[in-house]
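Each of the two complexes below includes subunit A, the first together with subunit B, the second together with subunit C.
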Partner chain A sequence: MKRFVRATLVLLSFSLLTFACSCVPIPENNIIEEITPIIFWSVQGGGEEDGKITISTLVPPLIKVKKRVLSLKVSLLNEGNKGFNLTYYNELKAGQIRLLFVDEAYAKRGLTRLINTVLTDPNISQRLYLVITKGNFNQFLAKHLGETDNIDYYLYRMFKHYEKKKQGEITVVNLHQFMKMLYSQVSDPQLPVFRAEGEQFLYEGTAFFDRDSMVAEIRGKDDQINQLLYRDRFVRYLVLPDLAVTLGHIRAHTHKKLTPDLSSMSIEIDVKGRIDELDSLARIEDNFQFAALTQKIERYLEENVIRLLSQMQKLQIDPLQIGGLTAKPFSKPITRDTWDRHWSTMKINVKVRLHLEPLTKVK
Partner chain B sequence: MQAISLFRKTSHQESGFYALFLTNRIQMLYYMIVMPSALVQPYMLLAIVAMGIASQFCLYMLSKWFATPYAAQGYQGFEKLFGKRGIKILALASLPLLLLKISFISISYAEIMQQFVFPSMDREWHIVFPFILSCYLALFGMENMVRFVTIVFIGTIWIFFLYTPYFLVQSNSIHDLYPLIPIGPEPFAWKSLLLVFSSFSGPEFLIAISYWLNPQRKMLKYLTIANAISVGEYLFISIASLLFYGSKYLPTIKYPNVEMGRYLQSPVFERVDIILISAYSFSFLYSIALFVLMIYGASRLLGKTKTNTTLIGLIVSGCAAMAVTLPISKWFWEPGLEQSFWLDLQMWAGSATYLLVPLLVWIAIKRKARTTS
Partner chain C sequence: MTTISLEALKQRLALIEDAEIIDRETTDGLRLTFIYLGTLIDQERLNESILVPLVRSFQSSVEKSLTTAKITRLSNLEQALQYLMKGSVLVHDSSSGRWQAIMLPNSLSRSIETSETETIMFGPKDSFSEQLEQNILLIRRRLPLTALKTERYSVGSLTQTTVVLMYIDGLINPEFVAVAKNKLSSIDFDMFLDSSHVAAFMEDHYHSIFPQYLQTDRPDSCAYSLGIGKLVIFVNNTPFALVAPITLFHLFQSPEDYINRWLVASFLRPLRYLSFLLSITLIPIYVALTTHHYQMLPLQILYVIIESRSKLPLSPFWEAFIILITLEIIKEASLRMPTKTSQNLGVIGGIVIGQAAVEAGFASKVLIVLAGISAISTFLVPNYLVTKSSLLLQFIFLILATYLGIPGILLGLVGMFAHLNGLTSLNQPYLAPVSPFYWRDWVDLFVRGPLHAMRIRPEALRPLNKYRISRRSK
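On to the complex of A and B.
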């Protein structure tokens, strides 16, 4: 009996082991010398010839070797990824990808397909930064092929820097934030826009999206105001060339309030900061003049906020996530159509309150 | 073959805390597996609270069992309550439930492991290795296992604090938590309710090990605390994920709390989720070990109980569990339809046992009290 039990046991465990071993553990080969992690993908074109897109990247990152731009014309994003592997001696790994540059023309046709591809890849982090580019991005890359020119890494560091602690100079949006904005019932996403020009990569402003396709772009002071309005932000400099004033170290607290029938909205913005620059600082001699200047800036900001918002209303987009405010604890969430209808005709009241540090030390 | 006694009991100290930790850990097992299909609407937060209260009711009945002298007597206690035949029927009935629970837990965990940590490795490997580890754990015997739960609890409770950053993310707004009550023609969420209830299930298996818990009258206090901690953890993680994803984006994600772990960043180690998943394995391994021991115990009840426990017996129990789990994983666990079948099955089985087992025991105690008085 005992022998029988023992024999059964040995047989059972043996068969179980072979059963398990029939599925061979094949680990991915990740020896550091044999792989090349990449930092970004850039996607251009699409639509013109049978929906092909050009995808490119820069290899190798960080090592002090002459770099090269890999570029392929493909119809699917991962087809490009595979193609890169066939043209380069190392295996490219998407696990370290940090940036996704998308051409403006592509963004105007809708980003969903592209984003879904990136999103489903379990290797790619949700912290991937999304950027809209203009101009010839590949040419810009080609100018940065030097041995010490880690342009890919520096670009990543730049986004990282401005994202951290909400530095408030440029708009920074990562994949997760974009998806959350896209999925929220009534609101639309926004993304930063950069222009590649020769050797330079210039920040242009913020792109507004209608669902997943880019519809508008704002720059300069509109962009600054957008950054103030979108959540409570810190802005290093608020430059107002029309008034010849620069406000510095701005902290804005925005209170948005919708009336229950959605016919009007009031925005109160408390701006704290100081005057960093004026065509002549000494021009302000007494409190009266200081108050007058403050009031002038307030009126100016109010006008610009209203202009920016009415631009959004005209396009029926909501990049500031105002529609989110319609959610109430005990009532049904409204549909996109209802919100669009109300939003486009909504009356907007804006009140800006400036709290500026008084000027000292100036003559 | 060396004789080992897995089910010996040597000490008689107070052990309310073991019951607390055990209840809490077994209740928290399901969360990361089950949550995505259960709690996608903000008002389902109320379901957690409601089911927590329902679970408290079951725990109350359990505590009645712990308060009787039978609980401390082990096998003799059961024999007095149900009779020899009754025990055999119960043991026979518990075997498939235990096997189902083990299979469901280990395959789901293996799937997460495979998807996030070792994508190119077959899932079966993630089942075989944890099983070997669990059997090793089980070797130390029931008494040590019960004590070990303290370490498991301390080793996994910190995961809870990892989710605090999600309350502070910039893109959060309180409006993501609205509406708080279901409005309009929503499909009735009884299935989700059942799912949440089955997530709270598990403590009913404590009946089987009550002998080692040195039960006493104050057990209800510890069970209540454990239940409250579980409700708190569930609420905490659900609110965090609702705030982080919003109620429209959340349903599209299969393992929200693992994906959230991926979003965490540490300056030293980027893939925080790998640490997180590995830490989760602590309580998974522990419960599998516990259940394997229970399978062995139950199968002993079916045969001869007088003989000593043997290593072979334990290994056979482990192999039996593995022999059920591996084929399910290999042939009957395709993502999608079949997976949701197992989820449904486990959901029904878990809820049913959680409701019926304490009820059964309670009724048996009442009947016994009436016949003896």
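On to the complex of A and C.
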């Protein structure tokens, strides 16, 4: 009897373990030197008549040997993955994929199909950074095929760095965040935009999406304000050339409030930071001058926030997830159409309060 | 029962070169025959304490002449031979026809030395030797109690090894003593040359790779065990005493734990558990990750591993297997070699073979680092037998990891803990106080709490007197 109980317990634990490991009692053979774990996929096109896309990656991923760009024109994402295996001596595995670069043209046509394919693959982690690219990405890759040039790895480290501790320089969105915003009733996703130009990969700004299609792109100070209002609420440098001032280490605390009839919204933004740089002509030697400058920056920021939100209203998109404020306990969630209708006509009042450290002597 | 006669004794002692038979006559005309084995007895004491007083004596019998010596009157030949072989001098009084035995064992032994298997920096340095009486003395010095009982048994038809069962009466749970007595009485085998042989016959599960009796040569450790309600078994001619009942966790405790500051000891003890787990799973995890679960590796580490494995001809399993076997060969060789040579062997093994294996392309640098950490981890466990067990476990986990990956390692751990949960030591559960759960004992389990907090003896041992402080025991 005792033996029977023991045998049952062992079998039970084995079954539980099997369940815990995605029902694969005998795992895949992934001997590390026989496979090539890829770090990114780059997807371009989708606008051709035959509906085909071009999928590219870089192999081998990390070993210090000369690299190759693998590129295939296919109809389906996994068709490309299979095609790569047929053209390369090692089996390409997507279990370590960390980046998905999507061409601007493809993004404008909608990302749902691509995201669903990636999302449903159990091998692919949700910590996959999504990036919109402009320019010729394959050409950029072709410039980085040297033995010591692990460009794929460096790009991954860049995104990881800015995501960790929310460094506040560039927009970083992973698959999980994108999916959450995409399938939300009232909000829309946003993704970083980079331009591949020769050997360089330049950050341009943030792309706004209407559901899964890219509809707009913001740059410069708009992008910085968007980052401030988005979940980070931290920007390392807020450069305001119009006012000849740079604010540093900016932290914003935003308080948004909707009226019950959804006719207007008030946003109060408390901004803490310091004046890092000031044009030599500007003077903040006394309290009066300093207060005047502060007020000037407050007005400037208010105008820009209103302009940015108006742009979003015009496009009927909600990347800042303001629609989430309509959710109340025990109430029916608002529908997309209702929110869009209210959002596009909503009156917006913005109040910015600056709490600045001048970093110079102010009498 | 055969009656004792000189002829019968001579016949039994034929072809024993060190057997001596001498005749002497006392001043009073008493004729005495002395029979003994020259190598077994203390010849100097025989001359000074027996022969000289007897020959000069005017008394009519041996008992009257030797007032200081313990004299046993013998009744049959088997008894006489038993005494003879244990270091007694047989004395035959021709006038009365009596046979007597006087114990004069040769007390030749090594001196009290420092323990080599359980070395500590601070604390008592003495350790047991092969001499039973000396070992008992070392305990009696530490526990000068009349309640400290010793019961003598003889095991082994050939070796006739003396085994002493020691415990504190009135403190220990009598069930343990009864079980131990029962087990000792029912031992039936010919030779017992070491305490581990006795342990093998007393263990509840002799197929297990985990020892169910703690073998120690430290008197302080034995005294502590007796004091908390355990029993100790001494076996003649072996410096290692057996302590029981024990749990798995006792094997990870060192006497130094109670010497170090409690916070330091509490830091070191979990380190031992961790190092034991590392020693059995570190290399299997490497094999599982490099064979099945490359997805689980951080990209930076994946880079290093791919780099180091890219030109190896062997699969991760064979690479690990060969390195582990080589490591064990070096470890075993260094144990069997003289101290100075073994140091050189360590250098050759560790640096030259490791470096050469990497350069020759037999092993990756990562594996050499992991094998080093794993090998060093095994030495953190104070019990040598557990250290040896971990080696076998490592190979089992290695095979499981190769075929089943991480689930295999988890399955192995489940199996190991299920096995441990089924083990007993003197019929007491081996995983106590975790299973069954005794929360009060946790103060001295994964951490070593302050001595002030250890006011009661371990509940798992169910001692008769559970309080360690006098105020509460009254």
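Worth a mention:
As a convention for this text, the second predicted complex is superposed on the first by the 327 of 363 C-alpha atoms of A that agree within 3 Å, B and C clash if a C-alpha of one lies under 4 Å from a C-alpha of the other, contacts with A are read in each partner's own complex, and residues count from 1 in each chain.
Quick note on the criterion: a contact is a pair of C-beta atoms (placed from the backbone, for glycine too) under 8 Å apart; a residue touches a chain by one contact, two chains touch by 3 or more.
Computed from a prediction, not measured in an experiment: that's the story for all the values here.
Judged by the touch definition given at the top, the superposed model places A:S125 against both subunit B and subunit C.
Touch criterion met: A:K64 reaches subunit C, while subunit B stays clear of it. In the overlay built on the shared chain, the residue A:H253 is in contact with neither subunit B nor subunit C.
With both structures placed on the common chain, the touch criterion links A:P37 to subunit C but leaves subunit B unconnected. Once the two complexes are laid over each other on the shared chain, residue contacts for A:K82 go to neither subunit B nor subunit C.
When the shared chain is aligned, no partner comes close enough to touch A:K314: not subunit B, not subunit C. Contacts of A:P333 after superposition: subunit B is touched, whereas subunit C is not reached.
Judged by the touch definition given at the top, the superposed model places A:R353 against neither subunit B nor subunit C. With both structures placed on the common chain, the touch criterion links A:R219 to neither subunit B nor subunit C.
With the contact threshold set out at the top, residues 6, 9, 13, 17, 20, 25-28, 125 of subunit A are in contact with subunit B in one structure and with subunit C in the other. If you check the complex, the residues on subunit A that touch subunit B are 5-6, 9, 12-13, 16-17, 19-20, 23-28, 122, 125-127, 166, 176-177, 179-181, 183-185, 231, 321, 324-325, 327-333.
Within the complex formed with subunit C, the subunit A residues making contact are 6, 9-10, 13-14, 17-18, 20-21, 25-33, 35, 37, 39, 62-64, 93, 95-96, 98, 123, 125, 150, 153, 156. By the touch rule above, subunit B contacts subunit A in their complex via residues 115-116, 118-125, 127-128, 170-171, 173, 175-176, 178-181, 183-184, 244-246, 248-249, 252, 259, 262-263, 265, 270, 312, 315-316, 319, 322-323, 326, 330.
The touching residues of subunit C, when paired with subunit A in their complex, are 289-295, 297, 299, 302-303, 305-307, 309-310, 312, 315-316, 403-407, 410-411, 414-415, 418, 422.
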